[in-house]
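Presented below is the structure to which this report refers.
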Amino acid sequence: VGGCGSSDDDGGGSATAAATSASTTATATAERCENVKATYQLSFFPNAQYVGALVAFDRDYFAEEGLDVEMKPGGPTVNPALQLAQGNVDFASMPLSDAYNAAANGGRIVQIGQATQQNPLRYISFKDEVRLESPADLKGKSVGAQQAGNLSPELKGMLDEAGLSDSDITIRQISFNVDDFVARRVEVFPARVYAHFSMLEAKGFRYPDDFDTLDPNEYGAGVADEGEYVNAGFHAEHPEAAACFLRAVKRGWATALADEAAAVAAVTRYSPRGAFTARDIEVGVREMLKLGSTTADGERAEPLHLDVDYITESVRLLHDAGVVKGDVDLDTFIDVGPQEAVEGN
Amino acid sequence: MTEAATAPHDHGPVQARPTAVAVRGVSKTFGNGASAVTALDDVSFDVPQGSFLSVLGPSGCGKSTLMRLVAGLQPASTGTIEVAGGTPDEMRRAREFGIVFQQPVLFDWRTVEQNVGLPLQIMGRPKGEARERVEHMLELVGLSDFRKHRPWQLSGGMQQRVSIARALTFAPPFLLMDEPFGALDMMTRERMQTELLSIWASNPGTTVIFITHSISEAVLLSDRIVVMSARPGRVLKVIDVDLPRPRTDETRDSKEFVDVEAEIRQLIFSQEGR
Amino acid sequence: MSLAPGTKGRERLITAAVVVGVLALWYVAALLVQSGDDPLAASKLPYPHGVIEQIVDNRSVLAEAGWTTLKQALIGFAVGAVVGIFSSVVMAQAAWLEAGVIPFILAAQMIPMIALVPIAQNIFKNDDVTRIFIAAFITFFSVSIAVLRGLKSAPPPAYELMSSYNAGRAKTLRYLRLPAAVPMMFTGLRIAAPLSLVGSVLVDLSGAQSGLGYLMLAAITFGSEGAAVLWGAMIVLLALGFLMTQAVVLVERIVAPWQPDLRHGKA
Amino acid sequence: MSTATATRVRNVVAPLVIFVVFVSLWQAQVFNDLFGLETFAIPLPDQIVEAAGDNTAELWRAFGQTFTAVLLGYSLGNGLGFVLALLLLALPHGAARRAGAAFTAFQALPIIAIAPLVALWVPDSLWFKACVVTIMVFPSMLVYAWRGMSGVPPESLELMASYRASTRQILTGLRIPAAVPQIFTALKYTTVLALIGVVVCEILKSHDGLGYEIHDALQLFSTPLAWAAVGILALVGIATYTVLVVLERALFPWAARRG
Amino acid sequence: MTEAATAPHDHGPVQARPTAVAVRGVSKTFGNGASAVTALDDVSFDVPQGSFLSVLGPSGCGKSTLMRLVAGLQPASTGTIEVAGGTPDEMRRAREFGIVFQQPVLFDWRTVEQNVGLPLQIMGRPKGEARERVEHMLELVGLSDFRKHRPWQLSGGMQQRVSIARALTFAPPFLLMDEPFGALDMMTRERMQTELLSIWASNPGTTVIFITHSISEAVLLSDRIVVMSARPGRVLKVIDVDLPRPRTDETRDSKEFVDVEAEIRQLIFSQEGR
């Protein structure tokens, strides 16, 4: 098998990331992996957003690719970027901003795929109570934030669009679920379509009818969110593995798109018991399948497709929003090789 | 204790006075099953009002236990105890007892004077009066110089004296003393005996139950002596001591004194063969 | 002990009364919450019967997760107790040692799990070892600080006795300081027992895919009405914590019955 | 007396020496090399100090927010634990034991599970943290105080009984002073719990405090800043603990005598 | 202690035997400043090899402190103490001392027999031998029935006897006893005295320092008596008792006995006026 994926460093070498043997050029390999052990860190608890990977697990696609992958669920106490940068795991799913920051601070991680082809956030308000028809309506509103970081790039982008600044809104820390929104502790809630729609439904609201919605994608603020990453050291040691990994997850996506019921079954199998209702998963899978296969412009996209332009534009947005610091040589950060190997097949 | 106040102890023979403590067929067993220990077995005796009663008996015969029962600190297994017409517990609640335990039981977090003042504080006596009482008692037991010391800075005998002072501060109608002078040298002991007798004499109606291992001490101090047998503790004999008071060093040389002492010695040694 | 049977009966009665009282209080509180138009009422405080229903419905899930959590907790408890006792014994050897080591232990305890876990994972490179480390890390401190105090609890004359036998450090420890520390040690263990469940729950969250902690955090993060297992898992954790504490109490009564509040026969 | 002074000096010097050695080794990357830790996982002391210097104002504000919550929750939790211990004393021993175990079991609830629930009830950031800390802290004080107060020598209780001391007098005159060593152990232990509690709350659900700084910095991969915040926490923990040790020695020399 | 073995105590007058313990100008002060307490002041005396020495003195005069200094448990403030040619601390390390403290110092977590066996266990004696020794000692102090009991289940006198048994189990060359019979009744006390003397007689070379408050006990048991003054403790007189051994009840009636007793009493009471 050996010899696959010889690597030429054609990066500028200016990157903060220490030069690694992992290459930005195609680790062109159609070769199968053999008994490669790897760990895969999810950014959160297994749920619909990982539908492709979960189906791949469910159907043993990883094994069929010669990969022995162990899934590590994430959660609010897990920092996937650090896990991956430290080499505690080999693959990880995480939002672009987290990954970019890790790379900018010396974490040697490489992006190999993009899970959401459009931004999954929708800023919503209760239609009858709070008007939210354009970004300008954000002025004076209290807006929820689900995790650390004062301002999400999506929000910042939309504020810019409306000529507003951070001081025009109030940010409030809220839970991941919709409780704080439903309790009217914030006026504007950043809903993740694959998770929150069904939660709102369970509380007796209808999406989109009961809400005013701002879609960041419509206001040039649709940053790339969840992507697939590999630890650079692992990547160098197992150049063929990333392609095998991508291929398996892609197959998962394909299966899911073709058979939604199977996808729901797979997600159900891996989800934490009792956390979701069947309806949660159904809605989540439906929404995630859209996010993973449709661009913001409504065009069909290849699941997991890593579009360098989309990432470059997103990084610009992230910089504008001030949520990432430092510069990363994108040629080092992104490796489209595995994708080309897979898609070329 | 209005009753007690009308019964001074020079009122004639002890037999004639009203009964302050009546112990009737009292037994006490600790534990159960094979390891059960019968500490007291069918113990009966009377303590006349305002009298001084000593308990003599071999180690482990149940003297301390008996004192606890009289003080209402533990219940008897069988039998009854009546104190001043009530139950021991009632009398305990009426704060009738001043107790000197066999161990000093001092509180490390209190200085000597605070330890002595403890009962007064608990009973809510005015501070000024309490301070005076404590000062007086400390002088009496010879510990004025140590009023600010902590218990662990005292010698064994000094600790015992603190505990005696504490029991005497509030002039209780009943004094229960468990070998109070056990850790004292002869001289201190004799001084304490004299002090105790004079306190007792100046508080008519005070009834004393006094546990001791010294036969001569018992004879010198008491109106009545209860002599107990080894475990299980039974009453061997109740002996009335009719020596005149006040008792002095000469009393020790009197024939009656020597006779009573000899009788008790006799009684105790006759038990040896058992 | 003529008082014993009556006292026992009374104790049972009181315990039963307390349980009933707590349930009643819960019902009243739940009623108050639910009767308002609070949209979060169901998350804030469900009715007890609702929780019991959830427990019954999810019994197999809860049992399995509970067992996973308990197993890890027991390991963490054991390791934590041993490490705690050991470290306190080391520290108790000299005041300067204690003064030198305690700050480091304190500082270590201050590191939040989100910062500590990745480092532990990086150091140990082994999930099982990391998990035991985390669980023990959570429990050892409470044992350590208790035993540390207990080791100093023997009265000074007892040291003189040991010294008169020239008992040396090790033997003074074995025959005096450790036995004298037993009551405090059990106090520490009582605290550590339920705490070890927390340790186990944290372990659930650092890479495991099972256990009550995992289910709870997922439920609490995502769910409200949907979070069927949340309250059930809490009750199970409480019950496990109660049982572990009771187990410690029981062991203490067997191992160290000499303590004043455990004695029979003295009033 | 000179030996006592020497001992005291040694007790201050020893930790300092150990600290200096430790920091030097750390700065020389000995630990990083030994454990294969990248400096973005564990930054070096100079990086941490630098980050602290660059963010002094922010850290100072965060410290204030955290410390207020710690103080509040610490006081409430220890107060509640003590009061509950008093209540337990009033129960017969067996019932008290069960009730004590039930309360102790509260510690089995992981803070990450209670915090979101408490947040539902208490939206205010400060009180939210304080409540969570109260729930975390009270069982420890409960157990220590209860055991300290119930484990007094029977002879002492007999003495108090002989004066018909009221329950309150037995409490203030005997049980509480006798429990001072245990109570202080609980006070020391719960400083740690309170700090951890507040920080976890801030990580999970708050927008302020050192916990938030840590979370935020980690999220942004600014590990030196995160560890600067951890360092402040450590200092606060050590300082409060030391204050308690000194306080106990000063106020209750008889209790510290055996130490 | 080979030296000791060659020096039986019926070897003639105590003055002629080699010195086992030499106390030279010893003072001991507790605390400092205004609250300083001088417990011992310039105390000197010799304890001959294999002899029985008693210390008599008023409560708080520093007897227990003196014992602690001899045993190497505390350092003297000034002066020197030599024990068997070494320092007290060296002899303590050589496990030369069997000590009966004024308080029993028993371990609650050990049963009576385990408490008695403690020194043997620490010294690593074989288990079988230890068990036998303990059994023997328990019989000697009359506590065989209580071997499985815990200290707090015993009476005060019984606790003291456990502590005596514990000191005797390992047949130490030096016995330091601080009022060992203080809590015992007369009969038990006399039996224990006899036992102690017979143990001492059958272990030639054993040197005993015995603190007591009973003058007659001191005279009956001792070769030499150190009489101390009240605080600060000074040596009033060192008295050699040349009564023949074995000493029996008749000894008590002998003229010499009564004379020595009277001399000491005289000495002590002459102090009263101070």
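What to note about this one:
Letters A, B, C, D and E mark the chains as written, and numbering starts fresh at 1 in each.
Just so we're on the same page, a residue touches a chain if its C-beta (ideal position, glycine included) is under 8 Å from a C-beta of that chain, and two chains touch if they have at least 3 such contacts.
Here the structure is a predicted model, which is why all the values come from computation and not from measurement.
When the partners of chain A are compared with those of chain C, the chains appearing in both lists are D.
Counting C-beta pairs in contact, the chain pair with the highest total is C-D.
Work out the mean CA point of chain A and of chain B, and you get 86 Å between them. Between the Cα centres of chain A and chain D there is a gap of 39 Å. Centre-to-centre separation of chain B and chain E, using mean CA positions: 29 Å. Taking each chain's centre as the average of its CA atoms, chain B and chain D sit 50 Å apart.
With touch defined as above, residues shared between interfaces to two or more other chains in chain C number as follows: 40, 43, 113-114, 118, 122, 155-156, 202, 205, 217, 220-221, 230, 233, 259, 263, 265-267.
Of all residues in chain E, those that touch two or more other chains are 103, 152-153.
Annotation for chain A: residues touching 2 or more other chains are 76-77, 79, 82, 86, 175, 179, 183.
By the touch rule above, chain B contacts chain D in their complex via residues 68, 71-73, 92-95, 97-99, 101, 103, 105, 107-109, 118-119, 121-123, 150, 152.
By the touch criterion given at the top, residues 45-47, 71-73, 75-79, 82-83, 86-88, 175-179, 182-183, 195, 198-199, 202-203, 270-277, 280 of chain A touch chain C in their complex.
Looking at the complex, you find that chain C touches chain A at residues 38-40, 43, 58, 61, 65, 113-114, 117-118, 121-122, 202, 205-209, 214-215, 217-230, 232-233.
Chain C makes touch with chain D in their complex at residues 7-8, 10-11, 14-15, 18, 40, 43-44, 95-97, 99-104, 106-107, 109-115, 118-119, 122-123, 141-142, 145-146, 149, 152-156, 183-184, 187, 190-191, 193-195, 197-198, 201-202, 205, 213, 216-217, 220-221, 230, 233-234, 237-242, 244-246, 249, 259-261, 263, 266-267. Residue ranges of chain A in contact with chain D, taken from their complex: 76-77, 79, 81-82, 85-86, 98, 101-102, 104-107, 145, 147-150, 171-173, 175, 179, 183, 185, 323-325.
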